[in-house]
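Labels run A, B, C and D following the written order; every chain starts at residue 1.
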Amino acid sequence: MGSAMATRLVQAGHEVMVYNRTAAKLAPLVALGAQPAQSITAVAQHGAVVLSMLADDAALAAVACQPDGLLASLPRGGIHVAMGTHGVAAVEALEQAHRAAGQELVCAPVLGRPEAVTAGRLGVLAAGEATAVARVRPLLESLGRRVFDLGAEPRAAAATKLANNILLACAIEAMGEAFSLVQKCGATPAAFYDVLTDGLFASPAYTIYARIITDQSWDKAGFTVALALKDVELALAAGGRAAVPLPSTDVCRQRLLGAIAHGDIRKDWAAMALEQARACGLA
Amino acid sequence: MGSAMATRLVQAGHEVMVYNRTAAKLAPLVALGAQPAQSITAVAQHGAVVLSMLADDAALAAVACQPDGLLASLPRGGIHVAMGTHGVAAVEALEQAHRAAGQELVCAPVLGRPEAVTAGRLGVLAAGEATAVARVRPLLESLGRRVFDLGAEPRAAAATKLANNILLACAIEAMGEAFSLVQKCGATPAAFYDVLTDGLFASPAYTIYARIITDQSWDKAGFTVALALKDVELALAAGGRAAVPLPSTDVCRQRLLGAIAHGDIRKDWAAMALEQARACGLA
Amino acid sequence: MGSAMATRLVQAGHEVMVYNRTAAKLAPLVALGAQPAQSITAVAQHGAVVLSMLADDAALAAVACQPDGLLASLPRGGIHVAMGTHGVAAVEALEQAHRAAGQELVCAPVLGRPEAVTAGRLGVLAAGEATAVARVRPLLESLGRRVFDLGAEPRAAAATKLANNILLACAIEAMGEAFSLVQKCGATPAAFYDVLTDGLFASPAYTIYARIITDQSWDKAGFTVALALKDVELALAAGGRAAVPLPSTDVCRQRLLGAIAHGDIRKDWAAMALEQARACGLA
Amino acid sequence: MGSAMATRLVQAGHEVMVYNRTAAKLAPLVALGAQPAQSITAVAQHGAVVLSMLADDAALAAVACQPDGLLASLPRGGIHVAMGTHGVAAVEALEQAHRAAGQELVCAPVLGRPEAVTAGRLGVLAAGEATAVARVRPLLESLGRRVFDLGAEPRAAAATKLANNILLACAIEAMGEAFSLVQKCGATPAAFYDVLTDGLFASPAYTIYARIITDQSWDKAGFTVALALKDVELALAAGGRAAVPLPSTDVCRQRLLGAIAHGDIRKDWAAMALEQARACGLA
């Protein structure tokens, strides 16, 4: 994902310095004109804006807090744009640390996969101190189709990304329940697919996942059960922190855990519907 | 709804006899060319196909089972097309009764409101014995845009309609959870509305209900909490009968009951999001 | 159950007339001194107080409402003491019908099985108009160990019985969750049994069901999954009527439906723990 | 708690060295004969067995991992007996760290409050390598009434403690549901209290919490909502790690979050019933 994003920034004419723990991964970007860095410090000291795209909160904390990390090396007034999907607690802690160091954190998770970046269809959810967001907005606009302004609190962008993901989790759970109900009442999945994708729900969330459920094609994972569980748990943790009970999100977590208990951890998370099928004796 | 459907059938050139407990309601249809009936028996003996559009299972049972009802008066070989939203148990019982009387039941609930009928956008979910469905198909096609074939068991169409409704209930519940989460993390509902209606969820189910939630306009009810509870309970009863646990549907029922406990029974069912807001101290 | 109760009343010296649809079942009671009746009418006209102990709401409605039923034959001022486990809606409807007929309904479900009756350990939950309850109290006291006064509304006793049953359902569900958790973390069921029955939970609800779970002895049913589902659904229906969301009771219903989907309908309802074990891959 | 336990050990004749970050807190123990330590290192080097009683996983990690902590200072062959309520992940990580240092971890959380220690009624749940458990067993037996053997994996004791706590959480949740149901159906809490504490549930878990619910005396906190949430979340995290869905435990977490959202964070966790009362419009 980071690679697709850096490619797009270079192609848009931005001067880009890139860093990856595995230096070899940088070769294609360097071929396009990006400047390779040997360390996080090198990146931080090169420009006033650093974008991170990291897999989880632990990686984000490491990149920010390790001795040669962003907190130590980004100049005062520098901006860290965290673009991964992160937890609210991690973003709050990081925001405070950057502020204490005279830096700014902009939280800017994205909606879309690498293909969406390449196709210029990425959505970017940006939140942070207004001047900082304004400064990085041109960069974010280069990255995708639309930049959403989520306000002055970085955590609001993190929460919005997580909320979007639980909407999808709940939609898949609901499809699993609906498919199993109609099947046990004599309808075929294919017939139900036609009904549900025809009107009220004619959007990618439903057409894509209803297709996978109908075809039982969860072995080809676009987004695994394991990754889905991570995001759902981040959403629940955000709810815990903000005192927001999220009962149908809890159902999604239960479903994902059940899927894992039955060996589906590497399947596409549409396998939530397989787990529901098991729960009612259909699979 | 029945009136909009009868109007459309008359306009399509079908010979239509109409009955309503309140005879005065027939006047507009008669003005269009429909023939008024004084009793269910009169309707049943007039043609071989009778369409019913009734509010609930009790009304359906009455129309079918009362002494001058359809079971008693429809000729052998006649077809009862039940187009209301009914429970699986009621449909199964009615199918057996019609079969015992040498009649056929086609279950054909619809997707769409009266405006959709008038605009020719209705979807019809048809299930029943194949010959019977074939005979009534031209009528059903006159009624709307598309007739879905749900197979030979009438209950399959009933279950499909209920499954479609729980998909929507779960989507509203998920939106309620998502909106409350982002709000308690510093985002505005309006900003979240923009995000969620932009991509994966750009379908009427989400744009319509996210709009109501954002505007808090649940006082103008399109579909009330009371009616929603009825349908959700029919879906849960279908699940009970078929041994299908439906946990996120249960969450929707809990939410609707909470809404009722707090005085929202006549509000639009988007008030599920208001109830979630209460549950986390936002309202 | 009814037989055990009638036996106890006769032994306490009450004059008892007994009726059962299967007359042969009355022989042992007649041998003890009870007077056999040929019809419900005969019972109703014999005394001013009629006790019913029926399996479900349908049987109660039949006994009360059929042409020769209690409503038609009980004299004005007569009292019907309904001692089965019934739904709140059924009890409310019956109360109104009796009142309209100048009769009284006392709702008096019991806590305990036939052995408890014989041993004089039955608990009786009585609710109804105060004078009526006072009149039947000596009878109820003959039946068991303690009569609880639940107030003037018959439905309060019905709800209390159902509430007691959901407490037990929830306890079994919680044990299922707890046992599965400790097992997957390396403890044996036997070790956990010792812990949980030792202190806070040293009561029959836990010692009895933790024993069955530890021994996996659910094939010997004391109270089946099917009967448990009936009571849990009555409780949920009572909650629906009174606008009381009951989320952990919903979990119990889901669990029971899952058990049924996996073939356990005739097992003891402690098999809820077996179903939880399946849900996490332990069974 | 730690103080009550140390007192008991001294009184039992054991030679005890004590440490607390706040040295002043040691005075009463020193007066009884305990030897005060200036540091964790001093304790670790004094004897081969160190007992810790810490508030949470962060404190445990600090005491073990800080430069002068147990891992660094406990001699090879030494035993750390962790007696707080800790998460499974924390215990697993600590066990590995101790093993790598040639030390043993015995996990031995307790059942009971300080009063139970003083009265000699404490239950101790012990798990760890068999020889290590055997060595510390006399100490654990001095501490309380009964030592339960949970096997060779330290996490099994941690999980058992958490499982015990979710049993109690689920019981309180169920009581909240049951009390609200009967109240909305016309029974008084006091009448229901009598019923529920009379038979199946006549154990402290029910008599204590049903009393608080009936009296609405949650303002006097024995165990706060905040602490309960911590334990419930540890149990859910253990379930997540072991792929065990815990749906009724999730309901308890939702309830506690709702209570916090409504300002009850410092109330006794019996206020889960207050939150349920709110959810159905009773409070």
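Going forward, a contact is a pair of C-beta atoms (placed from the backbone, for glycine too) under 8 Å apart; a residue touches a chain by one contact, two chains touch by 3 or more.
These numbers come from a predicted model, not from an experiment.
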For subunit C placed onto subunit D, the superposition rotation in degrees, Cα atoms, nearest 5: 180
Reference subunit A; chain at largest CA-centroid distance: C
Computed distance of Cα centres, subunit B from subunit A, in Å: 37
Subunit B and subunit D: spacing of chain centres that average the CA atoms, whole Å: 51
Per-residue overlap in subunit C, given as positions that touch at least 2 other chains: 239, 243-247, 251, 254, 257-258, 261, 279-281
Subunit A-touching residues of subunit B, taken from the complex the two chains share: 88, 111-112, 123, 125, 127, 146, 148-153, 155-160, 162-164, 166-168, 170-171, 173-175, 177-182, 184-188, 191-192, 194-196, 198-206, 235, 238-239, 242-249, 251-252, 254, 279-281
Subunit A-touching residues of subunit D, taken from the complex the two chains share: 229, 233, 239-240, 243-247, 250-251, 253-255, 257-258, 260-261
In the complex, subunit B residues that touch subunit D: 247, 257-258, 261-263, 279-281
